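Structures given as structure tokens follow.
The two complexes that follow have chain A in common; it is paired with chain B in the first and with chain C in the second.
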Partner chain A sequence: MYCLFCHQLIEHGLSWQTILPKLDPICPNCAQLLAPIHLPTCDYCGRDDHISCLDCKRWRPSQLLCYNRSVFRYNTFLKEVIARWKFRGDYQLYALFVHSFQARFNQYFSELPKHTWLVPIPLSEKRLAHRSFNQAEALASLLPRTTVPLLKRLEGEKQSKKTRKHRLAMRNPFLYQGSQEDVDFAQPIVLIDDIYTTGTTIHHAAQRLRAAGHQKVYSFTLAR
Partner chain B sequence: MRGKGHLFVIATMIGFLIAGPHSLIITGVWIFLLALAYWKRRLRLIECFILFVTSVFFAWYFPKVEMIDKPPNQDFVQITGTIQQINQIREHYSSFVVIEEQTDHLIQINNFSANQPSLVSGATCHLTGEVVLPSQATNPGQFDYRAYLARQNIHYQLNINDVNQIHCQGGHFIGKGVELRHILMDRINQSLSPATASWLNAITLGNRDGIDQDYIELFQRWHLSHVLAISGLHLSIVIMILTLLLIHIGYLTKERSSQVLFVFLSVFPFFTGGSPSVWRASLVSALSFFTLFNQYKLAKHDYLSLSFICLLIVSPQWIYHLGFQFSYLVTFSLILSRKLLKRLTHPLLKGYFIGALSMLVVLPLQIQRFYYLNPLSLIVNPLFSGYFTLFVIPFLFFILFAFLLFPSLAQLLDVIFFTIHEPILKLLLTIDDHLFHPLILGEFPRYSLVLYYLALFMLMYALEQKNKPTCWLALISILIIVGFQQIKPYISPFGKITMLDLGQANALVMELPYRQGVIIYDLGARPDFDFVTASNQVYQEVIKPYLYQSGIKHIDAIILSHDDLDHTGSLDYLLEDFSVETIITSYFFQGSEQILTLIKPTNIKYNKVKAGQAFNIGPQSFFVLSPSQDWGNENDNSLVLLTQFANMNWLLTGDISEQVELKMVQAPFKYHIDVLSVAHHGSASSTSAPFLEQFQPDVALISVGRNNRYNHPSDDVISRLRSHQISIYRTDKHGAVQFLYHQNKPHGTFFTFYP
Partner chain C sequence: MREYAKRYAGRLLLRDEIELPDYQLQALIKRGYFKLKPALIKRYFTHQCQRCGNKARHLFGVISCSNCQTAHLYCRKCIQMGRVMSCSPLYYWVGPDPDWSATDKRFAWKGELTKTQSQASDRVCHAIANGVNELLIHAVCGSGKTEIVFAGVAQVLNMNKRVCLATPRADVVRELLPRFQSAFPTTSIVGLYGGSGANQKTAQLTLSTTHQLLRYDNAFDLMIIDEMDAFPYHADPSLPYATKKAIKPGATTLYLTATPRQDMINQSKTPTVFVPERYHQFPLPVPKSVLLLKCPDVTWPKVFWKWYEQRPIKRQVLVFIATINRTQCLLPLIQSRYPQARIEAVHAKDPERITKVDLFRAKQLDVLLTTTILERGVTFPAIDVVVLDAGHPVFDQAALVQIAGRAGRSKVDPTGEVLFFHDGQTIAIREAIRSIKKMNKKAKIGKE
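The block that comes next holds the complex of A and B.
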């Protein structure tokens, strides 16, 4: 088997721990470049390097989100992986994090009921057509919960092309598109996205959901 | 499946287990494990399937061990066959295996004549000799040579006493090549000093026949035998020297020299005796050289696994070979520990780690085979292993190359070698004299073996994870598993009485419940070739293994009935290995003086008793019924004892004759006997009718040799016993006879080694 990222043969040097290694399509070298987020994390935004962070100071008082949790630190390596995955269309790369993504979800959201809804952050129609897949939906599909597209995104500039200041000052690009009849507002919702950087996107989405009447909104992202 | 070769090794071994008993359970567990691995995303479905098929294939492929107990039709035969394997050639003994031409049966030839024929693999031989069944174990703990040979598919031996009855011709190409080795060994023996020559032959050419048996046993006691076997280390030294020669002196390219080495490696095992470890090492190196020529790259342990499977396909009986098992166990565990070894920076620490791990990983197999463990070897072993690895092995190869190229230099190196080597061997001998304190662990049951390996795996896993609590937990579990072996007899409510089968000699071992005492009544031996001195054969082959297997290291009392070789001969040998509290004989015992001199340097007590007295060994009471007077002959002066096991009265009689029996019948003290140990191997002059009439025993135990020259037991005695409806247990028919009883229960059960 070859590593999906570096395309080298996957060789676990045999040792007492790797007599029967997991079938992850990532070689030990690349795997060690991924930095999983370890407990303890910031109880709000889920990062583990600055346990009380500036972003939290901004968002916490808004009380839009119960909390955010993430799987990996957004380091140089992960940046490269996500860039290739998202922007250069190497869709298969999501397989690199399947197990960690599932395992962390079960760990962090074990208390939520089984019928919790997942709401992936949508792409605008133009972007979706350009990219041909929504990375948030791809991630949500890995989790054993129902995905419900409650949000719609208006056209806008690419997030990643904006500066931090711009992003924070942006208007809310999301629209709520759930109908009153089929929606149970007491049901917890987990927003799914690939990256939580400043928290703007997640909080914009959360704001729409809260405004529509949903009581509990969480978020879970691959990178933080 | 690259990088997963080790899983095939596991599948092969499971195939071996499936071929044995409990195959359904093992298959079930195996399927469950594979399914678990699939479900936990560790293996793909196709991989699970391939592994399962591998184990099923090997379950079918491993030869079923058949035991043939049918004696040969005729004693002396003439056979024609081809030499398949040469086991050993010593001065007064050689042994080899031939395939008989007509039947394709394998037959082991033992040649006891003073002269040894020149033997070449593949040669056709006409042989005349006596056909015998290999000797069989008849006692618990005894090495079963018949089963050992049966596993190699050999069922008969041909004993030859005259070299003129061996006529061999020809030999195949490889056999002729091996002949070169003998010529080389002879030349080494002639031109170098004997000390150096024997070690040179053993370590570079794989022939240990020149090394003193005492040294081989010494190395065994200190778990050092592996340095005597040619293995990967030796090979890597040879490869290193050859590569240097080929590249720097022969001016060959790297590719060309690896091709030369590949050819060299494929003949090397034939040239060095072909033991499993040589094959392993050569095959692994040859495979990795082979892959240098093409692009397909495998992990190192894949080559090792491949060699394992290739060797078992070619000779499946090697799965039983202790050397094969040790060789692969150690190599695999070292490969698994590469990560751990990298962490150790100091070479001395590395050496210790390797030494200790190699010991731990083969420990259960060693206990199963030898019933003891030498704890101090954990300290001593790495030192000597290191000495062999760093000095002896490279230096001897150096001597060998010098011997081939510059003989005069070899003479000089010879002197250097033995001036260093001899004192160091002496040192090991001294250490052995003072520090050999074996922990006698007894029989190591299967479940302990499984638990031990699980704990060892946990230990290594935790070490790699640097998980200290788990390390300690695993280490403590290992100590408990091994330590439990020591405690087991002390918590067992069962007592065991064993009449050992020593042939025409007696020994009755009494192990009391909760190990409250170990008492031995008589310690016979068989005479040596001179018919006067006691041979240590039955002691080494039966008595010591039995006591070791039962986990006995201390004997509370040795009771000797009378001074005859077949009742006392093994005493001297036993005192060398075991601690003994008391020796008890009758007042009229003739060998008292010898016993006194024997025990003088020790603190063993010596008590003499006579009729009417009673003595206790722990909670066990013995009443002395005879001798009350000096009967004037040794047999009649035998110490006759009455004791009780499981509420049954046991009478131990030594070699008394009718007249002593009569005296006992007439004695005013009346009692009943349940178990009678029949006097004098069932001779007609004992076990008289009035005696049986009076005591009415239910069970008779007869210790007697097969086809002995006295025709014991006498038919009269047997019919007398039969007429009293007495059940008879005899060592010549049943092997060892054991009586097992519970501390608090009134009855026990007799077991025989052979049904």
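The block that comes next holds the complex of A and C.
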């Protein structure tokens, strides 16, 4: 087997590992550069680096989100991996995270019912056509829950074209597109995305879902 | 249409790289100026990427593609140049040939070739004129390889044909670009390397890293491959594939190297030109092999201090060190021993690498510690060269010959010292010294 990231041949040797049906396609060198989050220190955004959360002070009172959880720290290595995955479009790299992504989901969202819905953060049509895949959808497809496309993303203007004031109060780019008849508003929803940075994107999405009437919205991302 | 021919002829492009709106591209296809071909084709039990030639199964990925609503293959090998997918074709130009004859092709190089150089230069011109497919130019470090090919390049440019010089390293493209620009001031010239910002530009004379050549197909009448023995050219099958694909049928390919690998010499019946003499006609400095009881890896051998302090001529010193780790341990030790000296270290991942090399070249540094990244391509006029732990496996024969070739490049001071510190002579050390002596002998015979 070859490492999906650096293409080195992985020598597992003859050990108990060889008889396991599935192994992560990542070599030990690359694997040690990933920083898994085991114990979140912030119960709201799920980070574990003990830095006091200014962003969370802002978001918490809005009560839009129950909480966010993430699998890895967004360190230099993961930045590089995600850039290659998203911007270069190296789709296959998702396989690096399959097991951890599934395991953390089960750990953090075990109390949610089986019929919980996953809502991947959408891309705008233009961007989707360019990239040929949506990384959030790819992540959602790894989890044993139903994916429901309740949101749509409008074409964004270029960041540089926005005035400062405009940028600060960033317009919510999402539209709600569920229909009253087939939606159960009591059903919990987990938003799925690749990165949670300032929390703006996730909260914009959550805001639309809450405004439509959904009562419980969580989020789960690959990186924090 | 003339502009389109110059922009697209000889290239193999993804849709995004064409930079024309759909209606324009469709019109060009209708008129028969562009053709399409599948990007990935099935080959027995595997597939092949038509851009990079990749056939390795683990370097294909499956993408669940939202454009065509199916899951299909894409090439992971050449993905840093844009994604090649089985649902999107590659485009190539079949319209009129580009016309490069508009300007007169002035050859403005005013230098003079030595007797050895001009013999080699004549062989190159002869090979081009007679449609010889391949010629190997085995030229020692500092022999002036670039000047040797100038006349041949001028000859091809004057025939309204295209020339490419390909090298594995971006540094070399950056260094050669101004030299070619001043030798051919009226010719359109482009330098292609990752991050150059010019990678969709085209010209009659192209200097390119071997990677960037993947976008070319059936383009060049003269292909010059610099340092063909250097990593990663011989380690990565897609690079020979790219250079083969980029030339036109009947083109001439010149291989330039100071250190041909043994299998290249043994197997190939390629005609070879030797250039055993440096441009300044002084012999190559022969490395001194210095045997130590034990070669320390993270401290400096005492003999080094002794040599450094007692040299009769205080040249700048380039010190080659086997690993990045060791350079980082050794740097503070030498800095604290010689606090007045200006000393730095570079390695492949050093963001300030280019600046430090420029400083060293401008004599703003006294000592530069480096990993093998500076083993070839870069030239400094008058330096001494030291290899610590020359028996380490990263220093193979070719690397040691190249490293030794960094010394004595100046006409004014042609005799820099080269020292190999080791704790047991390896085959690589022995063979490197032997082959340098052999070339010096050849040069001497040539003069008699």
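Rule of thumb we're sticking to: the second predicted complex is superposed on the first by the 198 of 224 C-alpha atoms of A that agree within 3 Å, B and C clash if a C-alpha of one lies under 4 Å from a C-alpha of the other, contacts with A are read in each partner's own complex, and residues count from 1 in each chain.
We take it that contacts are C-beta pairs under 8 Å (C-beta built on N, C-alpha and C of every residue); 3 or more make two chains touch, one makes a residue touch a chain.
Only a predicted model underlies this, so the values are computations on that prediction, with no experimental measurement involved.
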Next on the checklist: Tell me the contact category for A:L39 with respect to chain B and chain C: first, second, both or neither.
Outcome noted: neither
Next on the checklist: According to the stated criteria, A:Y2 is in contact with first (chain B), second (chain C), both, or neither; which is it?
Outcome noted: second
Next on the checklist: On the A-aligned overlay, A:E11 touches which partner chain: chain B = first, chain C = second, or both, or neither?
Outcome noted: first
Item to check | Set of chain A residues, in rising order, touched by both chain B and chain C | outcome: none
Next on the checklist: Considering only the defined contacts, which chain B positions touch chain A in the complex?
Outcome noted: 2-3, 6-7, 37, 41-44, 297, 299-301, 335-340, 457, 460-461, 463-465
Checklist entry - What residues on chain A touch chain B, complex-wise? => result 9-17, 19-23, 99
Next on the checklist: Please output the residues of chain A touching chain C within their complex, sorted ascending.
Outcome noted: 1-2, 7, 84, 88-92, 128-130, 132-134, 138, 141
Checklist entry - Can you list the chain C residues touching chain A in their complex? => result 16, 58-59, 61-67, 74, 76, 79-80, 83, 85
